[in-house]
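Beneath this line is the structure, given in structure tokens, with notes to follow.
Letters A, B, C and D mark the chains in the order given here, with residues in each chain numbered from 1 onward.
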Amino acid sequence: MKIAFIGLGNMGGPMALNLKKAGHEVRGFDLSKPACDKLAAEGLNIATSAAGAIAGAEVVISMLPASQHVEALYLGSAGLMEQIPAGTLVIDSSTIAAATSRKVAEAGAKRGVAVIDAPVSGGTGGAIAGTLTFMVGGAEADLERARPVLEKMGANIFHAGAAGAGQTAKICNNMLLGILMIGTSEAIALGVANGLDPKVLSEIMRRSSGGNWALEKYNPLPGVMETAPASKGYAGGFGTDLMLKDLGLAQENAAAVRAATPLGGLARNLYAAHSLAGHGALDFSSVIKLVQARAA
Amino acid sequence: MKIAFIGLGNMGGPMALNLKKAGHEVRGFDLSKPACDKLAAEGLNIATSAAGAIAGAEVVISMLPASQHVEALYLGSAGLMEQIPAGTLVIDSSTIAAATSRKVAEAGAKRGVAVIDAPVSGGTGGAIAGTLTFMVGGAEADLERARPVLEKMGANIFHAGAAGAGQTAKICNNMLLGILMIGTSEAIALGVANGLDPKVLSEIMRRSSGGNWALEKYNPLPGVMETAPASKGYAGGFGTDLMLKDLGLAQENAAAVRAATPLGGLARNLYAAHSLAGHGALDFSSVIKLVQARAA
Amino acid sequence: MKIAFIGLGNMGGPMALNLKKAGHEVRGFDLSKPACDKLAAEGLNIATSAAGAIAGAEVVISMLPASQHVEALYLGSAGLMEQIPAGTLVIDSSTIAAATSRKVAEAGAKRGVAVIDAPVSGGTGGAIAGTLTFMVGGAEADLERARPVLEKMGANIFHAGAAGAGQTAKICNNMLLGILMIGTSEAIALGVANGLDPKVLSEIMRRSSGGNWALEKYNPLPGVMETAPASKGYAGGFGTDLMLKDLGLAQENAAAVRAATPLGGLARNLYAAHSLAGHGALDFSSVIKLVQARAA
Amino acid sequence: MKIAFIGLGNMGGPMALNLKKAGHEVRGFDLSKPACDKLAAEGLNIATSAAGAIAGAEVVISMLPASQHVEALYLGSAGLMEQIPAGTLVIDSSTIAAATSRKVAEAGAKRGVAVIDAPVSGGTGGAIAGTLTFMVGGAEADLERARPVLEKMGANIFHAGAAGAGQTAKICNNMLLGILMIGTSEAIALGVANGLDPKVLSEIMRRSSGGNWALEKYNPLPGVMETAPASKGYAGGFGTDLMLKDLGLAQENAAAVRAATPLGGLARNLYAAHSLAGHGALDFSSVIKLVQARAA
């Protein structure tokens, strides 16, 4: 299949390569020259513009940092949507505002272009390994068309609902994850301050009603779980500033629909304080530092 | 084995009956006459005083509402600890301050009485079914002595550490549970406000990084999970006011050790607001009402 | 002076009338026909379109509900900014995102139109009485040009800084106000729950380090202060949903500049919960209900 | 008047000296030998025990760190209350749990000893200058008896209600103060992150509905207010760990009466995080560091 892939960063790059490896004819593009060069060196076919990348493509995939980049790519007078032929399938895997996803989908519908929003979780590790989770918003039939492509990049594909629902599902999930991680950090820190062994306490809570993904896969305290970022100096994983961005999207969405998310709002602001303290580039589980004793 | 059981309420009553069913010789007592009468009617041997209950007992078990009741029972000039013979094993299953558990253990140690704190989770359902989880603080050897007795009342027994550690493990776990439940409620309510199907969203998060015990066993939205209290009018389960008490103990403990638990503190105060709104007797998962649209 | 006034709602209507009363030649417009009719009945000259209102005006004032309305009015291909002659002064008194204010100011600068953002506080009471507070962003000279006009509508005029700074000052102030009101409510409710007389406690805190505007002018408990909305069934004043909007803008801004505002974020979500409970139309000081005992 | 003064620390020491300066016959005592020596060097008459200090005293004043110290001093089998003659007036100025104050008052009532709780605000500066604020719980008549003595140490005397009410008023006020300071810090930091001048913004909010004691007397940003601790490296003033203690008492009280204080609870936990970061000894207004950008 002929696939255009726009956005070749830490996530988009390996995703595009996985599609190539699976036998698809992929043409990529990124506004960053170094990103293009890096992928070219790894064998990816690179176009000289976004418009060049989509020429002849049956499927267009985009993986961009924020709402404004997606709007700039597809919409407006110079937007790509004017040039994409009817019948093409657009898969936007960027994590952006649900409202923007709906705008792009509506613009596509007017032109006969099928659009699904398909943000991912799983981080750069999942992008490289091809084990991402896709949360998809859009028509069932369009998801089915996309499935063979998505399966080459991910291990789990969820249909969340209509256009924008993929974005909503992702921010709901990540808001909950952001809460779980701080809550788990607090519980462990409280136990440690009382003299408990963090491994013992973590295991008790994991097997009790406190059980959650953080205790299962991603313990925030160094030394409890060898494979977790905490035990590797909080390197790799999912950065604090990325979590902060997602929690900001969740609050923006909550404001738009007048939802109440007291813990979600607090979590956003605690990650912000953690980032202001200089930890924005560390894995988000480093937020446990906020509730641990340390020197001034 | 001859067992004294002090405190025959909604938890203690069925626990005592399970021990009797298992063939132990149990003598019970409660300051509430109706509680004693109810258990007598179910065949339990009732003493006329706490002192009467412990006469000749090899094991003394207590299940009381709060720290002051445990202090009043065991300590002080008229306390039971003065009358319990050396060599007896005391199992206190009340959920109380870790500091109080340590005081009782120290008083026991002076008299040659082994004391373990063994608070439970699992609610009245677990008490009746004999599937409680015990979180135990005290010496390993004393826990081994208690194990055959505990196994008649519970399905899981965790050794959390030295005296008081059972209490600490329990409040850490329940603080985390209190956070998980509100966080899960917020995420579902945010999704629903955006038009998502709560069953679909719950399933996506359950299988993603938002996964936690509430999504697994105890979904807070009516209709998502048939067996959950939410689908039964929030009847039964674990009452809001009980969760409120545990979260209050967690904050008291955090103040004592100067720990920082921002989400735990907020969770306590949100359950308090929910209780003030008249929902204290409902299952704690009803806290989702706080973030759902409803009439004034 | 010839003044165009766009937006004749609860705030804009009385503001326009005050300008007329002061002798200015005011032509108004609102997309809502009933709003226009109401003001016409009160003697205001009404134009048939926004473009009609600005014809010949030296000063254009707008008072609209949200960022998208201001963008739609001034910007875009059909925007008013294309038609406003160079030399005109635009005063936007809407409370909107600072980023939008800056966009409008930049569009004006390109055309030689001076633009200041001048959001207000003081509510409908202040609008009618002409005692509003203006927080102004823009060039000092432009503010001086606007001052004689602003003085007919308000009692206090603050220069906060460059374009957008009026908006920022307003959301900073209102975020703080939102926090003060909940904090004051909590302190009073805690005292009352301990048996203290709320009048005595309020007076002690007012004269001590807890002193703040809410205790001074706007006590949230009915009966403490006769003139406060609390003593009038929380009617009038500044509605919960308006506070909710401002706190949403503050969180949106915090996300944009990566600021940490834990109490501000929590306050937004508590007003949201209060609104979801059906109290959105009551004065924002009714948020004390959230921390008071009441029937289910 | 013959006055016994128990507790000669940073607060009690200067308070006792002010009474001596006013012509009273003061005998002091402290469990710390260095504290006694220091006050002796300043001319205070020092007793060799608490019992020695009260011999012959008409008024007994105590200024101790926490509930357990007050309980140990007055109550129990070896407590001072057994030795204080009927007719004596006891003024406890310690900041402790209201429940403990009530216990001491009840013990006094049984023996014909009048007891008032009279915690202070104003810090060591106020103690030295004799300008403290007293918040008094107890009978009106007993406060009148105490007034001439209190007036030598303080500038404001408030009668909050019956026994324990002084403590409650103080924690309500200090909980509110703790909230005001963080809220004010957030608002200023948000403005600064948007490019506003903190002096201009502070002045705007001080004169608007965000006005509060922190903006009036105690701006948390260095350089805004020359006399504030912020402009002196956060030295002196009211330490973070003292604020943390008071907010812990407020949460303990809230748990006891089932009150909901979401901002108060969050404030406690944010000061705790600030203290864990190594800032416990700095003035509490240094909490602004938590929301300011800084290096890791």
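The rule we apply is simple: contacts are C-beta pairs under 8 Å (C-beta built on N, C-alpha and C of every residue); 3 or more make two chains touch, one makes a residue touch a chain.
On a predicted model such as this, the values are computed, not experimentally measured, just so you know.
For the interfaces B-C and A-C, the C-beta contact count is higher for A-C. By residue number, more than half of the contact pairs of B-D reappear in one of the listed pairs A-B, A-C or C-D, namely A-C. Between the Cα centres of chain C and chain D there is a gap of 39 Å. One inter-chain figure worth recording: chain B and chain C are separated by 49 Å, centre to centre, where each centre is the mean of the chain's CA atoms.
Chain geometry summary: the mean Cα position of chain A and that of chain C are 37 Å apart.
Multi-chain contact residues of chain A (touching two or more other chains): 254, 258-262, 264, 266, 270, 273, 276, 290-291. By the touch criterion stated above, chain C contacts chain B in their complex at residues 262, 266, 273, 276-279, 290-296. Taken together, the chain C residues at the contact with chain D in this complex read 98, 121, 133, 135, 156, 158-162, 164-165, 168-169, 171-177, 179-180, 182-184, 186-191, 193-197, 200-201, 203-205, 207-213, 216-218, 250, 253-254, 257-264, 266-267, 270, 290-291. Contact residues of chain D toward chain B in the complex are 244, 248, 251-252, 254-255, 258-262, 264-266, 268-270, 272-273, 275-276.
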